[in-house]
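In structure tokens below, several structures.
Each of the next two complexes has subunit A plus one more chain, namely subunit B in the first and subunit C in the second.
Moving on to the complex of A and B:
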């Protein structure tokens, strides 16, 4: 075995230019993979974290609301929401429980016709906006609402209505019975959440939306936040056992659409991206390794004639491939990790492409890659996989060379 | 064979001696008033939830309609004014007249099974639809023409309507309203037809949403009068703000 390792090391040094080229191919593939996986982390995992928190790590709603939640039916509400919030807030693992109402509204300035500009109006305690959505970080002018008659609106909605902080908007929603429910609201803040769809939303305090929806003391949902969003299903099971939630539907974010299928979608996306990069880089390794085998056919024949078995021949080429992969992988992870770290500070502007992302799982127009340890380890081992994929065929071919024919081979 | 076919066509022609355009024109005329003043109770049922509204409504000709909500307390003072193709609403909570436009016109009227567009499109069937009398049937206990109506253009809310028109009163006692793809969206019944001040009038209407089952709106005319002098101001935006 030691002899084979020595032979492999010597062979790598014989044609340094080709070895460096192969190492660079693997390094580039691994680096690219590191950046791509970090990008996916930055875009999707962040979007998922935000979206799961925004819609409640655990959500408590009326069962009929849960069945038709896409329509946001105000009539299917929780009349005594304070009791549910109080019962949930004392539970271990709960960071906060917030009554929430969301409803589609149309908005206009006082001098405009109403009916052309739409917004999703949120009504919740201010703590939900600051502690869960961290909206105060996205205020570009003004502040968040703290009293009735005030609204903070997303930048897109503000532009559509052509209003700024201090302006007045007429918002027309509906009561839970479907009657028109208008409110004259002063714009106290404009927010930029980095996504055009999310920037069409607006935010008032809970009491304002309770009045608009005509659900005094109630809400359509209670959103529960927890420290570890990955364990939300355990918390949901715990909250289901409470008497205060017995009449309601209690579900963790990953038990509800669209999140229930998003986890496997994420894994699939990562798999597809990794698969493409591994395949292309593997082809590069295959090319240089195959050239090496063809160049060394005569030499392989001699070694086989001197007693090197087929298995040992295969192993010799595998050692070469693995060595290249290890060096290339380390270089790639270092380079890719460095690039991902740099991009995580300056960000990548996706522009209008991100604007089309749904508000339920928003992708920000500027994304920041996240190079985590598991991403680097995964990229390194996929780098090894690239070399194995690329080295498999040449090693097999080398092992099947007949010594006599190989020695006759013209170089 | 040809003679038999011709006889059949002649029999059909005699059976439907009135043309479909004449029927539609008569319906439009029948549901249009020089002046109308009425008190209305609207009851909206959505599953187990029932909500009632009381309104006073005024109408003049084909294009003008005004309405004021009297009950419940939250909606009291809400007013609507339709003039030709435009709809305004006075919202007392913000003390403001707003013109409704765009998608908002497709919203439900006070959570009922009628949309604002349903109000806008009334009494214009002869102009908006091309109809065919397809049968004569008994409907709601009355002998009726069954007419299939296809919209002349796609701007109307319901590209297809199938209506049953009472042959005695020219009131469409039943309507089925269809989407472009042929899905039945709503049924609309006109019942309790009475002779009021010399003209036939349905004192009760029932609209049911066929997509959202369990959703039903009953409109009952508690009082209706056609021989009234309505002040010009009623059909102006000034009236809305008063």
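Moving on to the complex of A and C:
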């Protein structure tokens, strides 16, 4: 084995320019991969993290509400929501439990006709807005609502209504039995959450939406947050066993649409991006390794004549390819990690297309790549995969060189 | 006999044709011989050498090494036979360019699986060919004659049963060619090393103790050489 390692190391030095070019190919591939995976992290994972928190890492609702949750049926509510919140809040792993009502509303200024502009109205305790959604970070003017009669609205909705902080809007919703339910609310804050659809949402305190929906003391759902959103399904299983939740549907975010398919979607996107980069970079490695094999046909024949086995010949070229990949991978991860770190500070503007992403999984117009340790490790090992992809055929070709090649008279 | 071809035929496909490089050839090499396979291009001398050196397999017939038929051995088994029992000297020297002279010689020992300290054997082999002062030179830092001497040391260091030399002087000028032949002849006479050459160089044939002449894939003469 040490003979092969020694030979591989020496061979890498014999054509330095080509070795450096191959290392750079792998480095560029790995670097690109690091940035691409970090960007995906920035776009999807962070959006997923936000969206899963916003809709509850674990959500407790009436089973009929769960069946028709796209319609947000106010009639399928939880009248004893305080009991459920109290029972859940004492459980290990629970950071908070929040009663929540969301309903589609139209909005207008007092001097406008009602019915032109739509918004999704949230009603929840202020703690949900500050501790889970961190809405205070997105306030561009004013503040969050703290009392009845107050509303904070997204920037798009504010522009559509042409109101600013201090203005008054008439919000028309429904009660749980379907009757019209108008409310006169003062705008106390305008928010910019980086996505046009999300910026069409409005936020009031829970009591306001309870009054509007005529669900006194109740809510349509209880949203539970936990520290480790990836393990929310385990918490959901734990909460299902509580007597207080027995009559309700308890589901983790990744057990509900659209998130139940997003995990595999994310894996698929990552796989496609990584696969394309590994394949293209692998072709680069293949090209130079194959040239090396063809140039060294006679030399390989000599070593085969001297007793080098086919397996050892394959290993020799694999060592060369993997050494190139390891060096290129380290350089690429360092370069790509540095680029991702820089971009994580300045951001990448994706334009209007991203802004039109659905509010359920909001993608911000400016994304900030997020390079995690596992991204760097993954990119490095995919760099090794590039060498395996690119080194496989040349190594196989080299192993099939017959020892009689040594007798052919060329140098 | 150290090695022997018995009724060997070797055919190669060439386009739509099947070229017969050897036709029912029977010829052997005994211990301590200094034998030349001679003949023009296409006579089959290199094919015969490849078969006796276990580099290739016959289409039919037997290849005996120490009275055992090696024609049916697996690739790896043939490789092990070559590594331990056969030394090779090539026309183009064929040293590994990234290894020094001593590392090239050591390579033969390592591939033969020689256990224990090897440095002394390597130095001794290079000293025997007069290159004790060139141990750490790479092939590119050596002349053609010096490279072929390293190749001889590489072939001999593992004490093989036979050394197969494929036109070993073809890429050397006459002075260096003669010097190399003298060296091999000396190894043969002093140490009893068996040499088998292929050549069409009259100078090489003049040093041989036995000359086997091939033509169109057949042995047409097997006679004592001028060096006998």
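Assume the second predicted complex is superposed on the first by the 402 of 411 C-alpha atoms of A that agree within 3 Å, B and C clash if a C-alpha of one lies under 4 Å from a C-alpha of the other, contacts with A are read in each partner's own complex, and residues count from 1 in each chain.
Basically, a residue touches a chain if its C-beta (ideal position, glycine included) is under 8 Å from a C-beta of that chain, and two chains touch if they have at least 3 such contacts.
Keep in mind it's a predicted model, so treat the numbers as computed, not measured.
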item	value
Subunit B versus subunit C as contact partner of A:30, first or second or both or neither	neither
Partner chain(s) touched by A:299 [first = subunit B, second = subunit C, both, neither]	second
Contacts of A:197 with subunit B and subunit C, given as first, second, both or neither	neither
Touching partner for A:3 - first (subunit B), second (subunit C), both, neither	second
Which of subunit B and subunit C A:106 touches, first, second, both or neither	first
First (subunit B), second (subunit C), both or neither touched by A:225	neither
In the complex with subunit B, residue positions of subunit A that touch it	75, 106, 108, 110, 113-116, 118, 170, 172, 174-175, 177-184, 214
Contacting residues of subunit B [partner subunit A, same complex]	44, 46, 49, 51, 74-75, 78, 89, 91, 93-94, 96, 98-105, 107-108, 110-112
Sites on subunit C touched by subunit A in the complex	46, 49-50, 53, 55-56, 75-76, 79-80, 82-84, 88, 90-92, 94, 96-99, 107-108, 110-112, 154, 166-167, 170
Interface residues, subunit A side, partner subunit C - complex	3, 7, 10-11, 13-14, 298-299, 302-310, 402-404, 406-407, 409-411
